Amino acid sequence: MNSSLILQNVLTPPVLFFFLGTIAVFVNSDLEIPSPLPKLFSLYLLLAIGFKGGLELQKSGFSGQVVPTVGAAIIMSLMIPLICFVILRLKLNVFNSAAIAAAYGSISAVTFITAESFLENQNIPFDGFMVAPLAIMESPAIIVGLLLVKFGLPKNRPASNKMRWRAILHEATLNGSAYLLLGSLVIGFLTAGYNPSAVEKMQPFTGKLFYGAECFFLLDMGIVAAQRLPSLIKSGSFLISFAVLMPLFNAIMGVFVARLLSLGPGNALLFVVLCASASYLAVPAAMRMTVPEAKSSYYISTTLGLTFPFNIVLGIPIYMGLVKTFIPTIS
Amino acid sequence: MKRLDLIFGERELDELLKSLEKSDVPGYTVMKHATGRGPEREVSEDMEFTGLGANAHVIIFCDEETLSRVKNNIQPLLSFYGGVAFVSDATQL
Amino acid sequence: MNSSLILQNVLTPPVLFFFLGTIAVFVNSDLEIPSPLPKLFSLYLLLAIGFKGGLELQKSGFSGQVVPTVGAAIIMSLMIPLICFVILRLKLNVFNSAAIAAAYGSISAVTFITAESFLENQNIPFDGFMVAPLAIMESPAIIVGLLLVKFGLPKNRPASNKMRWRAILHEATLNGSAYLLLGSLVIGFLTAGYNPSAVEKMQPFTGKLFYGAECFFLLDMGIVAAQRLPSLIKSGSFLISFAVLMPLFNAIMGVFVARLLSLGPGNALLFVVLCASASYLAVPAAMRMTVPEAKSSYYISTTLGLTFPFNIVLGIPIYMGLVKTFIPTIS
Amino acid sequence: MNSSLILQNVLTPPVLFFFLGTIAVFVNSDLEIPSPLPKLFSLYLLLAIGFKGGLELQKSGFSGQVVPTVGAAIIMSLMIPLICFVILRLKLNVFNSAAIAAAYGSISAVTFITAESFLENQNIPFDGFMVAPLAIMESPAIIVGLLLVKFGLPKNRPASNKMRWRAILHEATLNGSAYLLLGSLVIGFLTAGYNPSAVEKMQPFTGKLFYGAECFFLLDMGIVAAQRLPSLIKSGSFLISFAVLMPLFNAIMGVFVARLLSLGPGNALLFVVLCASASYLAVPAAMRMTVPEAKSSYYISTTLGLTFPFNIVLGIPIYMGLVKTFIPTIS
Amino acid sequence: MKRLDLIFGERELDELLKSLEKSDVPGYTVMKHATGRGPEREVSEDMEFTGLGANAHVIIFCDEETLSRVKNNIQPLLSFYGGVAFVSDATQL
Amino acid sequence: MKRLDLIFGERELDELLKSLEKSDVPGYTVMKHATGRGPEREVSEDMEFTGLGANAHVIIFCDEETLSRVKNNIQPLLSFYGGVAFVSDATQL
C-alpha cells in the first residue's frame, strides 16, 4: 500500500521538479538558478504560507484543537533536540551535536507545503491552522540547541562567547524566515478579520500562484540537495544513517502525539511532518552566529542533502501510511 | 598607505564594520556574495539561501597607524568566526 | 472621523506589510530582500501601472477632465519645487535645497498605488486616466530643480558642469522609471485600441497579481525606510519637520486645485497624493548625475525615510478627510 | 497583405515591449533589468513552455504528425548548419563559421513563443506538440557545429582540445536551457497522464502568467538586442546580410518541408520559425566551452542583435504570408 | 606593471570607462554592486533601487605610462563625482 | 606571501578551481558576475543570460612555492580560454 502512495507522491509536479533538479547535478548539466532567485521564492513561500495560515486561523479561532496542537508542537521541538543530542554525542563533539540537534527539533517549511500538496492530491482534508505550529517550532529548538552548548561544555570557551546570550534569544525568535512567516500569519489574521475584501485581492498572488512557485523552488532545492552529496558522503556513515533514521523515529513519536491529540488524518500527517523535518534556514543562520565552532557542512549536508529529499520523496507517503495504520478514522 | 583585504562570513559583516568604524578607518568598500574555500570551510553560492550567508570581501585603504588599530579590533572576530586578512602596499593615484 | 479612516487604512495588507518591514529593522531581525529583487518589483509595478493606465486612457479618451488635470499636474510640479526651494534655503545651501525641492515637486508611484488601493477598499470610484499626470510629473520638477542650481549659484562651479545641460534634459525625461511608466502607458493605450483580445491575456500579470506584488514591495519599502532612520535623525529637526509639514501643505494646495478642476473625490485624492508625495526613484538618479554636490543622504532620508511612510500610513486618510471636507460631492 | 500582417504583429504587447526596450537603448535611457532577473524570466519561460508542451503531447500522443515532424526538425537542424557553414566559409575562418552555423541550425524559444502569440492573436489554431521539435533541435545543430570544427581543421589545434569530445556531447545534450525545456516537457507529460488534478493547479503559474512574463522578458530582449548594435556594425556587411537573408532562406526551406509534412497553417508557421530562428542561449554556451577560438561577438551579434529582432518584428508575419501562399488549407 | 583600483558610483561607470578607453588601457575588470563608506558618503545596498546606484570597483592592470594617462583623464571625474583610486605593484604571472 | 588575481570566463570556473585544488592552494575566494574588456573580448552583463557567462575574479593568497605550482597548472587553461593573471606581494595581517 505504501509503495503505491510513494508512486502517487513521486508523480506530482513538485516532486518531479525536485528530481529534475537532482538529476541536473548528477548528469552534470549547467542548469543553475542563480542567487538571489532562490531567496525570492523562499521569501514568497514563507509570506504566502503565513498569510494563508492567518486567514484560516481567523476562521477557526483559537478554540478546539489549535491550542493543544501548538502546545504539543512546542513540547516536541524541545524534546526532539534532547534525544538527538544524546544520540549524536556518541560520535560528535558538543558543538556539532547541539547544532544538528537543534536543526532536527526545528522544521522545514517546504517539506510542510509538499505534505499539504500531497494531502490535496489525495483529497484528504486538513486545517489551515496547522501553520501555527509550523511558525512556532523554530525558536524552541534553537534555544535548546544553544542551552546544550552552554551546559554541555567546560568553561574553556573564549570570552567573546559570554556576551552572546542576547544574540541567541534574538536569533531564535527574530531570524528572517521565522519573522516573515509569523508576521505574515498575523497580517493574514488581521486582514481576514478587518478587511475581508482584501483577502480576495491577495488570492491570485498568495493562493493561485503558490503551486507553480513551489515547483520552481523545488527545482532549485533538487539542485542544492544534490550538490550536498560529496560533503554528505564525507560526513560519514553515522551521520548518513542519522539523517534517515532520526526523521523516521521522530515521525513515529509524532504519530503517537497526534493520536493523543485526536487529530484527523490530514492534520496528523502535517504534525508528523513537522516532527520529522529538519531546518536548513533558520537554524543554520542561528548556529553560524552563535556556535561557529560547529561544522556547518555537517548540519547542512544532513538536513538539506538527505533528510529533506528523504522526506519529500519517501517520508511523506510512509508517514501517511503510519497515520492511516495508527490513527483511527472517526468518520 | 596600506591596502587591507578582509574576507569573512557575510553574517558577521555588521559586527565587523562596527569594529572598523571604532578603528576610525577613512573608508571601506564591501563586496558581498563572494564564495570560496579556506583551510576549514567551503562557502558556496547556495549558502545565501540556507541562511548561512556567503562571504564578504572588504577592502580598506588606510595608513599604517590606522591599520594597527584595525588589527587589534578585528583579531577577536576573525579568530572566533574565521576569515582571512592580508595587507599590501598601495599609494593614492 | 479621520482616525477611523487611519485605522481602516492601517489594517490593509499593503500597510501591514510595510509595518512588518519597518518593525523588522527596529527589532533588528535579519530579514532582508536582497538586491536586485526590489528592482524586480519596482519595474513590475511601473510596467503594470503604466499599462493599466493606458487601457483606461483609451477608454476615457483625452476629452473631459484628462487634459486640464494633466495641465494642472504639470503646473503643480513646476510650482511646488519653487516654494520648497524658498523654504529650504532658510537653512540649506543651493545644491541641497534644489535637490530636495525637485524631489518634492515630483511624485512617488508607490504612494499613488497605495492611495488607489485605499480608494478601492473604501469603495470610492476613481478614473484610470489619473496615471497620466503621474507619468508626467517627474520631468518638470527635475528641470526646475536644475534651473534653480543654474541660476541660484555664482559662476564658480567647475567647468565640467557647463556641458551638462543636455544630460539634464536627458535625465529629466528619459530616466528609467519615468520612461518605463510612460512607455507602458503608451503600450496599454495602443493595445486597448488595436488589440483588445491581448488586454485580457495581460490581465493575470498586470492586473490580478498587482495587489500581492504591491504588498511584497511594501515589505521591502518598510525595511528600506526604517534603515534611513539614523541618517534622518542626523539630518536635523529642520528637515524632519519639512518632511512632514511640506506634504501636508502641498496636499492642501492640491485639494484646492482639485476643487477648481471639479474632480470627484476619488480623482481628487489621487491628485492630492501626487502633490504631497516625493520622488525617491527618478529625482535621486537625476540629481546624482547632475548635482553631485547635493548630499544624497538629505534627499533620500527625507523622501524615503519620512515623507513616504507618513503618506502611506497617515497622509492618505488625512488627505481623504480634507477632500471630503473641501470638495463637494456631486452625486 | 503582408504589410497588414506586419502591422497587426507590431501592435501586440510582446512586440511593443520589445520596441520599448530597443528605443530605451537608442535614446540612451538608463532603463535596465539587472542580472539575474533576465535569467529568472528565461528559466520561467522554458519551464512553462516545456510543461505546457508536455500536457499537449499527452493529449495528442505520438501518433499522427508528431513523429514525422520531430524527424523533419532533426533533419533540418542537421542540414541548416551545413548550408550555413558553406556560405560563411566564403569570408570567415573555420571556428567562426562553425559556431555561427550551429547557432542558425538551432532555435530560439522566445521567437517560438512570439509566433505562438501571433497565431493566437490571428485565431489560427496550432498544436501543443510543436514544442517537441523545439526541445529537440538544439542538440543536433551543436553536434554538427563541432564536427565541422573537428574535420574542417588541420591537426594543429592544441592538445587540450583532443579530450574535449565528451564535453561536446555533454554540452550538446545537457546544457541548462535544453535540459530544463526537455525536463519540463517530460514532467508535463507525466503530470497530465498520472495526475490530471495537478494540471489545473499549475495553470495560474505556467498558463495565465505566461503572456505577461513574455512581455517583460521581451522588454529585456529589446534592450539586449539594441546593445548589440555597435558590435553588429563592427562585424561587417557580410554578417549583417547573412543575419537577415539566412533566416529567410531557412524559412523558405521550412515552408516546403512543412508542406511535405502536410502541416496545417499554424503548425507550419511554428515549424518555419524553428528553421528560421537562431540560438543565443544553448549554442553560445556550448561554443564558449568547446570552440573558444570562435569570436563570441560574431555569433551573439548576429543571432541576438539582428536575426532575433528581424524574426520577431518582420519575420513572423512574412513567414505567415509564405505559409498562406504555399500551403494549401485543407479546411 | 601596475594595478589600479578605482571605486566610485555605478552611475558614472559609462563615463569612466570612456575615459579609460581614451587612455588606451589594455583591459579592465568591473565589479558592480559594491557598497561602502568614504569620507563623505555612505553607499548602501538599497541605493540600487532608489536610482542612486551602488559603487563600482574597477581594476586595471597596466604599465606606468598608461597609468599616468589614466590619471590625467579620470582626475576630473573623480573630483566632480567623488571616488577613490589606489595603485599597487603587480607582475604578470 | 603572494596574492594572485585571476580573471577569466565564469564558465571555466569549475575547471580552474579543480586546477587550484590540484596545486594545493590553502584557499581561494571567488567573485562572479565581473565584467570587463581584455585585448580581444568584451564581456558585458547580459552575457550571463545568453549562456556565455560573465567573468569570475579569483583571489588566492599563498606562498611562492604554491604559486609556481598554480602557474604550471593553470597556464594551459588561460591560454586556451583566455583570461589574465597578476601577482602582487601581500602579508598576513
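Letters A, B, C, D, E and F mark the chains as written, and numbering starts fresh at 1 in each.
Note that in this section a residue touches a chain if its C-beta (ideal position, glycine included) is under 8 Å from a C-beta of that chain, and two chains touch if they have at least 3 such contacts.
Please read these numbers as outputs of a predicted model, since none were measured by experiment.
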item: Residue-number overlap at the chain B/chain E interface, same or different (half cut); value: different
item: Chain whose mean Cα position lies farthest from chain A; value: E
item: Chain centre separation in whole Å, for chain F relative to chain C (CA means); value: 45
item: Chain centre separation in whole Å, for chain D relative to chain A (CA means); value: 41
item: Inter-centroid spacing, chain F versus chain E (mean Cα positions, whole Å); value: 20
item: Centroid spacing, where centroids are CA-atom means, of chain C and chain E in whole angstrom; value: 33
item: Touching two or more other chains - residue numbers and ranges from chain E; value: 11, 31, 33, 45, 48, 88-89
item: Junction residues of chain D - those touching two or more other chains; value: 30, 34-36, 39-40, 175-176, 204, 208-209, 285
item: Residue ranges of chain F in contact with chain D within the complex; value: 9, 11-12, 33, 40-42, 44-46, 48-54, 76-77, 79-82
item: Chain F residues within the chain B interface of the complex; value: 1, 3, 26-33, 59, 61, 88-93
item: Chain D to chain A touching residues, read off their complex; value: 35-36, 39-40, 43-44, 47, 51, 170, 174-176, 179-180, 183-184, 187, 190-191, 194-195, 197-198, 201-202, 204-206, 208-209, 285
item: Touch list for chain C against partner chain A, complex; value: 8, 11-13, 16-17, 20, 23-24, 27-37, 40, 120-121, 204, 208-209, 211-213, 215-216, 219
item: Interfacial residue positions of chain B with respect to chain F in the complex; value: 4-5, 7, 31, 33-39, 45, 55, 57, 67, 71, 84-89
